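The following blocks contain the structures, represented as structure tokens.
Both of the next two complexes hold chain A, though its partner changes from chain B to chain C.
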Partner chain A sequence: MLRSLNINPDKCTGCLQCEMACSFENEGVFNPAKSRIKIFTFHDEGRFVPYTCTQCDEAWCLHACPVEAIRMNRETGAMEILDSVCVGCKVCTIACPFGTVNYNQTTGKVIKCDLCGGDPQCAQACPTEAITYVDADATGLEKMRAWASKTDNQAHAN
Partner chain B sequence: MSWTRRILRVNLTEGSISEEPLNMEWADQYIGQRGLATRYFVEETDPTCDPLGPDNKLIFATGPLTGTMASTGGRYSVITKGPLTGAIACSNSGGFIGAELKSAGWDMVICEGRSPSPVMLHIVDDKVKLLPADDLWGKSVWDTDRLIHEKLHDPQIRIAAIGRSAEAGCLYAAIINDLHRAAGRSGVGTVMASKNLKAMAVRGTQGVGNIKDPKSFMQVTAEQKQVLAENAVTGQGLPAMGTQVLMNVINEIGALPTNNMREVQFKDANKISAEAMAEPRDSDGKPNLTTNAACFGCTIACGRISTIDKGHFTVENKPEYWGNSGGLEYEAAWALGADTGVGDLDALTYANFVCNEDGFDPISFGATVAAAMELFEEGVITTGQTDGMELRFGSAEALAWCAEKVASGEGFGADLGLGSKRLCEKYGRPELSMTVKGQEFPAYDPRGVQGMGLTYATSNRGACHLRSYTVASEVLGIPEKTDPLSVDGKAGLVKAFQDATAAVDSTGLCVFTTFAWSLDNIAPQVDAACEGGWTAEKLLEAGERIWNLERDYNMRAGLTGADDSLPKRLLKDAAKTGPAEGKVAGLDEMLPEYYQLRGWTPDGQLTAETRSRFGLPA
Partner chain C sequence: MTYVIVGSGPAGVVAAETICKLDPNGQVVMVGDEPDPPYSRMAIPYLLINNIDEQGTYLRKDPEHFGNAIKHVHGVAESVDAEAKTLILADGRKLDYEALLVSTGSRPILPPVPGIDGERVTTCWTLEDARKITATLKPDASVVLIGAGFIGCIILEALVSSGANLTVVEMGDRMVPRMLDETSGGLLKKWCQEKGVNVMTSAQVESIDHHSDKAVVKISNDRHVEAELVISAAGVRANADFLEGTEIELKNGAVAVDRYMCSSVPGIYAAGDAACGLDFSTSDYSVQAIQPTAVEHGRVAAANMVRHGSVLHQGCINMNVLDTIGLVSVSYGQWQGVEGGDHAALLDRDRFRYINLQFDGDTLVGANTLGITQHIGILRGLIQGQFKLGKWKQRLMDNPMQLMEAYLAATQGA
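Entry: the complex of A and B
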């Protein structure tokens, strides 16, 4: 079963545990500046929104890459960067409509979410379940459940 | 080691910047943050220096767990000599800038001297510059934050700044970071203003590594996060209701100081409580509270994000206050509300916004307004001084007006900016000031929570609840329940809380974790990250050492045991209502025992023996 990151901004408190977990997994240090997932704070609105790659099937980044350094991992569905092939041209960062592929000036390669090979550390670290890793075909399940609970099926009885 | 082992020294007089290694021998004795910065401060400054003169220093310090995945590991402290108290000031803040500073590669920033003109400190990893800030002088914290982001073209930079109140000399001005988190107490913002340092803007891209044992660190911090999640206070009460969960509780036990501490219960407590913040308003159907929010790395998330009703008189036609910002926490709600008798939630939220916007401590501000209201009701202050404003207890208009005046420092705002002690002295009624060592009380009446009387009297930074929060034991039963109306055993309880808290404040973690964690939960996290064999015993010993070092500094600064006192009102006037009715603060019954437990002389001085036991500087 393929799984997807499922993001529920309503539950996010902006603590950045996910950014630290991501950078620790990928860079070996706690470093939000090098995280593949980002929390955005909309201060005036009182909202926090986690944002990262959603692993498009027809991925713009993959198609744009001139050296085929981006490949789909068949197990996880993640579009992964092959560091040994990437030339740091950044064309993928231009192609991605969502901005979730970014250049890392320390390595000269691009970085993006690779679902940590199927065990995304951001979801593990999130204390409020704002980020979960769920069945890719049913990311709407919890929202459906919430709305279902509000659906009045007693109307017929009255 | 999760210290970066690097200190940034900024000489503002010369405009020079240098780097030096962290003294690891001191780190082993004083941990980091509060303790370690105090050790540097004591070494480098004359205790008799003028707090607002160039000889005072201002230290921004992170702890070894700041910037790590340990829950709440985002704290920093500001250490300096406080202008309100003449004692050591140490103000702790969350938000994000502490972790950012650590990620930029610095354990500590020591600012010394005085810049000839306004400057801001710009830190991007190793690249550190002093930039002119003449254009920012005279601007609020909120405007400064926006202008710096624009000027540096860096949306991700984290900013700590002072507002107009600090520039105007308000003695309880704060340093505000990330728009609404504050190194709030003791006038650390006033010191920053005296150095012509308007702001510190930090971007760290190096991250925090150097964890001694990464695998066990990840494991033990995950286990301890689970402990926080499963605890009723840190897992449910604080995230849902914030510290405001206390308002109704403290009122019911008769320990909610009201009308400048004349009363111990407030009739409108329920109107300014956490429950009231969650209640939908009539006007727009929205509650005051929008959501809870976390500081860096915090899995508790007690922060409040609130709005003010757009139709409320305080913000009518002022759209700049219509958005969300940092809402009321218990101490602020008490000081702005119960202590001034104001039961108008929107007015309190407005005053709180203004405190953040122009950088001043809502506790000291609210308590000073309360003293001014009593002086007004006694006929000592008149409408002649207040542009016609009637400073009556319960007046939301007066509260909002006072906040605006202190923000700008204009007119009567200059008087209010003196703080309660100097205000009451100026108007010839010093007995009406509810302060210790010149700093205003927080939100627990020592007549109803006896341990807090000793806490306030002996706190090294003047009246403060965060130095030994015995409320945890006396009211909430953490770690075990003691009788809030009894003085028995409180000397030992206060000492134990003071020492443990000094240790926690030196790690980079938040003291709110201690509702669920003891040093036994914290030590393995520090030990997995840092060399040094950190046990609970070693942390506690460091905490006691830190406490004694702070005390030693204060004694050298000219304070004496006579400063460990409470206002007559609390010692002589019994509580009039509630469970504490008939009680006064039993300080005299606790203080001698406390001195004895500390190993101090009967008049509160450190002995040579105590000094040598902790290896304090001669």
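Entry: the complex of A and C
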């Protein structure tokens, strides 16, 4: 069964352990700046919101890539960057309307959440279950996906 | 059903693949006028700096990708007989179609300058151009680049890193005037100058005199530069001339299409740089000539070629991302602003960082950025989602970098 990240901002305390775990797993360093999941802080409202790629059905990044460097992993449903193919043109970074594909100046490639191949370390690291990895059907991604379908030209084609 | 697709760039390839999915029994013929497999012009700058080989530019990596389902033929379109439903190729071959897609892309315009057709002048558009440039570039070679538009800027890194002495001549008063505002276009010029590039803006090449060992480029205000190589990157125009004299209506030099990507002649569609399609921001029809638009056009056109009326095009948002010797600039939608709208800008001149947001009421409608790469796509989300920003508009006016927070507030009530 396909699983996805379920994010519940109400449970987030802003401890940033997810960012540390992500950057360590993917970049080998404890550096939140290199994390693919980000915690956004709302000082006035006293709220923290974890945010990362939802592996959306529309896969804007994948369709925008001119050289087939983004593929869907059929086991996890994640859109994955193939580093050996990515030329670093950054078109996916402006095509993703969720802002979850980032350019990494150090490597000259783009990076995004790939669900750590099916064992997302952010969910492992989260002490409050603000980030969990659950059945895809049970996650609350509809809000974002509803938006995506609003401007999508391809969804109507099927 | 027989489909003929003329042009094998991203729009044509995506259309062919979409047709195969929607009509598995259809016959798809895709005509390309270059000898290479379908490739991405977007990848050429990375070929020039040797990050990839030619194969790395191919749109589809599997040599068998097009297989039997899509017949890829080499040929140059000469005309269309809409009544007989036939595409006529330059070598006399005729291809019958039931639905035709014009996805012929665009080609560089050469400025009308004496000597522009000389041997030392090349464009930077095709793989063949890239081969020529690679063969000529060497340390201390003198190179003149005509045009500091998107193409000119994106190949600057390759030219600079080859060790060439580089002069850029741009007609506009700043770099990339069709994508960047005065502040960011001016800052990009300063960036390039600090990298050792001789940038002349508000300047024009007047003539190119060819000698046996070099060309002498004459530039306005009585300037002369010697060059072993002159690269002309002065804009592009649609490859739609072969349709002149047919019933197919052209607009801005490209095929005028409706929201089904259909031309004025039923059964004939257009996509990508060759199509004058709906712009999301302006509700007007224009030629955007960008990769994401080509892909979206290709998909919408294909669906309507299979079943006319099945997909209504929602309009493409104009967007560009450009890396100029390591400085990344971005533009979205109505980056020039709209009448009566507010804008919010933040500038750090020393660090070459800049953001300028354009609002219509409390909705974001466009943006320019320089030196910002994190979460940049959220600008598209905010613009295309047409979210009412409410109190977050003022917060963005105070700090335009709070884009992600504004987006989360608008979509998740955060």
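One rule holds for everything that comes next: the second predicted complex is superposed on the first by the 139 of 158 C-alpha atoms of A that agree within 3 Å, B and C clash if a C-alpha of one lies under 4 Å from a C-alpha of the other, contacts with A are read in each partner's own complex, and residues count from 1 in each chain.
Definition applied: contacts are C-beta pairs under 8 Å (C-beta built on N, C-alpha and C of every residue); 3 or more make two chains touch, one makes a residue touch a chain.
As the structure is a prediction and not an experimental result, all values here were calculated from the model.
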item	value
Which of chain B and chain C A:127 touches, first, second, both or neither	first
Between chain B and chain C, more extensive residue contact with chain A	C
Contacts of A:49 with chain B and chain C, given as first, second, both or neither	second
Partner chain in contact with A:76 - chain B first, chain C second, else both or neither	neither
Which of chain B and chain C A:26 touches, first, second, both or neither	neither
Which superposed partner A:13 touches (first chain B, second chain C, both, neither)	first
Contact residues common to both interfaces of chain A (with chain B and with chain C)	45, 47
Chain B contact footprint on chain A (complex, rising order)	13-17, 20-21, 23-24, 27-34, 43-48, 125, 127-128
Complex interface listing, chain A residues touching chain C	9, 38, 40, 42, 45, 47, 49, 51, 63-64, 66-68, 85, 87-91, 93-103, 105, 108, 143-144, 147, 150-154, 156-157
Interface residues, chain C side, partner chain A - complex	10, 14, 18, 22, 40, 42-43, 46, 51-52, 56-61, 280, 291-292, 295-296, 299-300, 302-303, 310-314, 319-321, 323, 326, 328, 330, 332, 373-381, 384-385, 403-405, 407-409, 411-412, 414
Touching residues (chain side chain B, partner chain A) in the complex	67-69, 71, 96, 99, 103, 156, 179, 203-209, 214, 218, 225, 229, 239, 290-299, 301, 303, 305-307, 323-325
